[in-house]
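The structure under discussion appears below in the form of structure tokens.
For reference, chains read A, B, C, D, E and F in written order, and residue numbers begin at 1 within each chain.
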Amino acid sequence: MKLVTAIVRPFKMEDVKSALEQVGVQGLTVSEVSGFGRQGGHVEVYRGAEYVVNLVPKVKIEILAEDEDAARIVDALVDSARTDRIGDGKVWVVPVETVVRVRTGERGDDAL
Amino acid sequence: MEINSGDTAWVLISAALVMLMTPGLALFYGGMVRVKSVLNMMMMCFLALGVVSIIWVLYGYSLAFGPDSGAGLIGNFDFIGMANTVGEVEGTIPTLAFVMFQMTFGIITCALLAGAVADRIRTIAWIAVIVLWTTLVYIPLAHWTWGGGWIGNQLGALDFAGGTVVEINSGFSALALAIVVGQRIGFRRDPMRPHNLPIVLLGAGMLWFGWFGFNAGSALSAGDLAATAMINTQVCTAAAALAWIFVEKIRDGKPTTLGIASGAISGAVAITPSCGFVNPMGALLIGLAAGAICAWAVSLKYKLGYDDSLDVLGVHGIGGLVGMIGIGLVATTAVNDAGGNGLFAGGGFDLLNKQLIASFATMAYVFIVTWLIAMLIDKVIGFRVSPEAEVSGIDLDQHAESGYELTDTTSGAFAGVGQHGLSEYLQQEGRDEKHEDK
Amino acid sequence: MEINSGDTAWVLISAALVMLMTPGLALFYGGMVRVKSVLNMMMMCFLALGVVSIIWVLYGYSLAFGPDSGAGLIGNFDFIGMANTVGEVEGTIPTLAFVMFQMTFGIITCALLAGAVADRIRTIAWIAVIVLWTTLVYIPLAHWTWGGGWIGNQLGALDFAGGTVVEINSGFSALALAIVVGQRIGFRRDPMRPHNLPIVLLGAGMLWFGWFGFNAGSALSAGDLAATAMINTQVCTAAAALAWIFVEKIRDGKPTTLGIASGAISGAVAITPSCGFVNPMGALLIGLAAGAICAWAVSLKYKLGYDDSLDVLGVHGIGGLVGMIGIGLVATTAVNDAGGNGLFAGGGFDLLNKQLIASFATMAYVFIVTWLIAMLIDKVIGFRVSPEAEVSGIDLDQHAESGYELTDTTSGAFAGVGQHGLSEYLQQEGRDEKHEDK
Amino acid sequence: MEINSGDTAWVLISAALVMLMTPGLALFYGGMVRVKSVLNMMMMCFLALGVVSIIWVLYGYSLAFGPDSGAGLIGNFDFIGMANTVGEVEGTIPTLAFVMFQMTFGIITCALLAGAVADRIRTIAWIAVIVLWTTLVYIPLAHWTWGGGWIGNQLGALDFAGGTVVEINSGFSALALAIVVGQRIGFRRDPMRPHNLPIVLLGAGMLWFGWFGFNAGSALSAGDLAATAMINTQVCTAAAALAWIFVEKIRDGKPTTLGIASGAISGAVAITPSCGFVNPMGALLIGLAAGAICAWAVSLKYKLGYDDSLDVLGVHGIGGLVGMIGIGLVATTAVNDAGGNGLFAGGGFDLLNKQLIASFATMAYVFIVTWLIAMLIDKVIGFRVSPEAEVSGIDLDQHAESGYELTDTTSGAFAGVGQHGLSEYLQQEGRDEKHEDK
Amino acid sequence: MKLVTAIVRPFKMEDVKSALEQVGVQGLTVSEVSGFGRQGGHVEVYRGAEYVVNLVPKVKIEILAEDEDAARIVDALVDSARTDRIGDGKVWVVPVETVVRVRTGERGDDAL
Amino acid sequence: MKLVTAIVRPFKMEDVKSALEQVGVQGLTVSEVSGFGRQGGHVEVYRGAEYVVNLVPKVKIEILAEDEDAARIVDALVDSARTDRIGDGKVWVVPVETVVRVRTGERGDDAL
């Protein structure tokens, strides 16, 4: 089992979701995060003082996947989230030892 | 005539109440848009508050309420820059009180248009809308109905507090504007849910409160007519609020808070022209009709494809029509000698006809002229912000601000003072101090 | 008598101020509940605003203020549907101004009850409460005290602006309601902290503002009595706010913002019956007492186990009692000939006795009748939403809405237009457009 | 003279409007601070509302408006505890109406100071500021200008509604306070962005609304002068709002909502002394100047290093100066016989000189006395909360509360009722019930 | 060392917390996430237009645990979070190489 | 490749960020979390009832790093986030199999 994690631009979620559905992903967990990286932040102005906010809103997607599906999911994520501009984000894969579905207690691939 | 202190107190406080409606509208509308464009919406309302005030004292009042310059279409320049108004009297109140009261009507009517173009237009284009539309649409209309122009004087249609000038006007102007500006990205696909319903309800409450000044203040005196207008406003607003959520309960299964707020506004809109001509039972009927009809009207935009984002047409345009027609049906001279008898009060079709003529003339004029103004602005200035700006949020793009900063955890670490102007100096200072701190 | 324009202006604006108290209460209460039920709380307040207005013009005013139908218990049907009120005069103001002013009292009193049943009752049951309770509890009580009924006319107890009719009434009715409805799930276990204290404070500010209309407007004229009532309101409210946080500082170690807001309300409550009968120093004393006593009273519910969620009893019931008794102690005819002298002003126990009788009669009547109404509604309609709905949030369950949508990041991707009615069509459209967009 | 009901209605409602400014300010300021200190800011405003009210009726009114006790510096004790005021008349209104109206000025002026010391001072120290500063700074100043003291009577400088007493006073007192209290941790390093701009705009709207009572109410009658003051207020506020964002557009590239709100306030400030002495075109000029100059003035603090956190000096101090000087330039007796002619109205330098003298005297007096008071409080009580408390949030430290609880997900599981007092009992109960629930 | 992660229903947190305390868990980290899966979302209505919100609020719990405790923690999580209705969530375990307690610099099991 | 995760006190972020920049970290992802542990929560009071809120606001930092950099990053985190008072937080390291930069599709060390 693998845990595929992606950090992507919020406004690409629509595309990412469609792409994931096409490679058979049926569940995932989303959270709001802030990214810091090459992509510059934005500028805000308050009473004449200008501030650079270097954190960029990003969405983190976590998907538990069977070993053999992980690669396809990574590809789907990378393809669908890409805009070719700095700040598109990262995708990474971590090995998972156990997965349990709480409702049934099923383990491993059945838990997905 | 002499100044009456009670009437003056009433008109002054009414003007203050109507002024408050615009900040109220800023909340009502601001809560309804997505979190990324709340400030832009509020900015549009505050810009109307700023720019229309200036226009009004410079030439707006003069053109709207100055002596008719001929054909019943527009006033003259007698009061330009507030000339000949200081120390003068209008009825039983100081002229400047009347100028002030009328000014607030121009402000809120213009601000209403912002609802049609939420989330997507450049601030500079909006300022152009305020100036051109107020000058070419609002001011003539105010003259026609109240300033000695053809609707009030020749035709004799009834409009106590602005069914034509304010409501039908804003509704159909909004439609023209929405058509020219075009749909928000994601219209009919994304939910675009209101981001803050408590402030929507607060805004509705402030509008309700202010509307007493709007309607009962239009009596321009503190007497029986004002009292009648006020209780009618309350009854009609209440009835429409209930009618709207009744429709929701039947149609959608649940009454919503956005619905009760919207219904209240639709009722206040419908009683605006009629509050001084009907009795409380008439107001009740108009309210029930307005709430039910407007609850239905707001879904038209999805069918027809114009993105009147916050339903200015559905609530103000249609609600205003209900009120204008309602006069033709239930008005009675038992309430106001200066009014008339509607169809159900035995007055026949005469009054109803006049009401319809005034309404359709208004619809046609404002739609066409606003459409022309909007096309001009779109050509010369350009309405839309870039698609990226619209998607990532107009607040940042147009105002370099974001509405809320509710978590304070990391803002210090990942933000710094900027590169611009004064800030360069600050950064310098900031860095030094930062090191001292450690 | 003739209409006085100054008095009329004052009563009209006072009515507007009192109307605004209900949206203010919607914020005050709405901010105090958890985020998942803010809309339901605001909806309850707006429903009171809608339904009571209609009841009032249909039959409420007539039963409360119509000529007494005999035993000092209820008015008659002379003013049904606002018959015989248009164009009439009451004292120095138009009758419709008086009707309007009194209407707003009925609205806010009813809305206060919502605080006792936060987070857990079905909207349909709440509407039933509004109708039955207004008819069977509020209207008779208004008649007793102000409409020519036994408390005002026979007994001669003093109640300037509603210590019995509004405050004790709402407090003890709330208790009956809370007992029948039962505790919120998690009462005494979960913190249930206010979700938005800034809007609680805003609501408190709006209530404070509106209370000037409530109290000083009750003079029904713009003269000395109104001015006295107003400054007393300010002083008592301020004193109670400070007294409450002083108790907090001693007892809990810190003064809280919820405390200063609650204290202010408790003071405004206590001065409600007394504002026209005491001088500013008397108001100061009443305020100190009200703030301290109510600060203590709000913890009773935990000991006794009834879940009067937002402390309607502790603040309004007890605060109202303090004010009624305060009249018996510090009232003085130096302020108002029509008033009386309390114990400390050399008037003996006479006035105090009357105040106590009026208070206890009110407590008994409203508790019993409200309890009966509530039992009836619980049997016939059923009060509570399902436990799941209560836990996951009444806003979604009863109104299909959620209060805030402060993050805009993923709403587009994981949401779609629904299957219902119009929406089916929209989804179709939406999909097409979505593909075009790409 | 006799009481005039129209004038009384106007002054009473004006007093209510000015009272509302303080809750409005609580939002305006509260939205501007970081989320962790919103409640403390609002608390400071509400404390001013509470404490100043009590001071005013006990001795404040007497010292400010009682007969001059000699040198034009302070009133006497004739009205102590509201003695000799009940039932009396002042001009055409009840004395208590005047007392009430003036009280609200003292409240808001004091509350303004809170902006200078946001996020960092102990509540007990703030209460000391309220008491000492109101007594030693505000009350004398009110006497000097309006209560029969030297500025109003001997010097003859013009100040219609408080350019010296309210605006210059609060601005320069704030400066002294900010200097003594010292900078917030992270000043010039962290952004400290406003946490809730919609409530900042709401607060600005409420202030704008209330300012009509402040300025036009200062006419103390409902006639021509009130109407003039009101329209001038509107025009100047609007012009300054636009001027401020125009400066922003040029300097920073974007107009901001905080800017339009701040500009509006700066305009309202500048027209405060001048609204009864200039015509609308004069008001327009003053507004343009105020908006532009204050937009520039607010950045001074970064250069000079005092942390006047929310720019009380930049907006009120400087705006007040603009207004006072503006009178010397554009005032005209065409508007008000009791006024004067400024430089541009052919009056020469005479009036301008008086205005400058009054302004500088005020600046000097309030800065010095406030500085002394602040030093005293810092020595005796100590201003600052601990650095940890400041960093993790003053709301928790001083009030044991947090402003918002917008997620309801885990609050039940990881929170419990505490150990203190009553709570011990609750916990017991809570635990039992919890087990029952399962 | 293991990192046990659980996605559970918010209103089950009370039970989950008790269960974890019983198996000796002394620390954990909680975050708010949104879940997408078999469980349907809820419907919201705005001015007559109906929307399905497919994201369901969930709570994510992360617990660092010694190898031998992980299984027991997983069981405690699964048992206490279960309601037997769709949407109960997932629990998974990932191997961890190093854990450090910031305050002391302690590593491994001592860091917990 | 490693994923270094740290839970730290919010107000230490300034120092943590500087420390990370000094060891060459160029990107990271931040999220707001709540921590439960030895550190007590705070007390809130509402109308005389006192509540203990046991969740403490924390910041979670996630940094993808090359194997050889991970140790240095951990040290930098621990050093900079330390205040020596209970509640300073944890840092842990998990092995990562794949990392992709969305913008370019680069994998492994190039993706950072």
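Note that contacts are C-beta pairs under 8 Å (C-beta built on N, C-alpha and C of every residue); 3 or more make two chains touch, one makes a residue touch a chain.
Quick caveat, the model's predicted, so the values are computed rather than measured.
J.: Same or different for chain A and chain F, when you check if over half of the residue numbers at their contact belong to both copies?
T.: different
J.: If you tally the C-beta contacts for C-E and for D-E, which one comes out higher?
T.: When D-E is set beside C-E, the one with more contacts is C-E.
J.: Could you report, rounded to a multiple of 5°, the rotation needed to superpose chain E's C-alpha atoms on chain F?
T.: 120
J.: How big is the gap, in whole Å, between where the Cα atoms of chain A centre and where those of chain E centre?
T.: 18
J.: Approximately how many whole Å separate the CA-defined centres of chain C and chain F?
T.: 49
J.: How many angstrom lie between the centres of chain B and chain C, each centre taken as the mean Cα position?
T.: Result: the chain centres lie 30 Å from each other.
J.: By the touch rule stated above, which residues of chain B touch at least two different other chains?
T.: Within chain B, the residues that touch at least two other chains are 4-7, 9-10, 13, 191, 193-194, 196, 202, 222, 251-254, 256, 258, 299, 302, 400-402, 404, 406-408, 410-412, 414-417, 420-422, 426, 434.
J.: Provide the list of chain A residues touching at least two other chains, using ranges where the numbers run on.
T.: Touching at least two other chains: 11, 17, 30-32, 34, 36, 44-46, 48-51, 53, 55, 94-95.
J.: Could you tell me which shape the graph of touching chains takes: line, ring, star, complete or other?
T.: Topology of touching chains reads as complete, every chain touching all others.
J.: Which part of chain F faces chain B closely enough to touch in the complex?
T.: By the definition above, chain F touches chain B via 10-11, 13-17, 30, 32, 57, 59.
J.: For chain B, which residues count as touching chain C in their complex?
T.: Per the touch definition, chain B meets chain C at residues 4-7, 9-10, 13, 17, 34-36, 185-191, 193-198, 201-202, 204-206, 208-209, 212-213, 216, 221-224, 226-228, 230-231, 234-235, 237-239, 241-242, 251-258, 260-261, 264, 279-281, 284, 299, 302-303, 334-335, 393, 404, 406.
J.: Considering the complex alone, what residue numbers of chain B touch chain F?
T.: 407-410, 412-414, 434, 438
J.: Considering the complex alone, what residue numbers of chain F touch chain E?
T.: Per the stated touch rule, the residues are 2, 6-8, 31-38, 55, 58, 60, 74, 77-78, 81-95.
J.: With touch defined as at the start, can you tell me which chain A residues reach chain B in the complex?
T.: Checking each residue of chain A against chain B gives 11, 34, 36, 41-46, 48-55.
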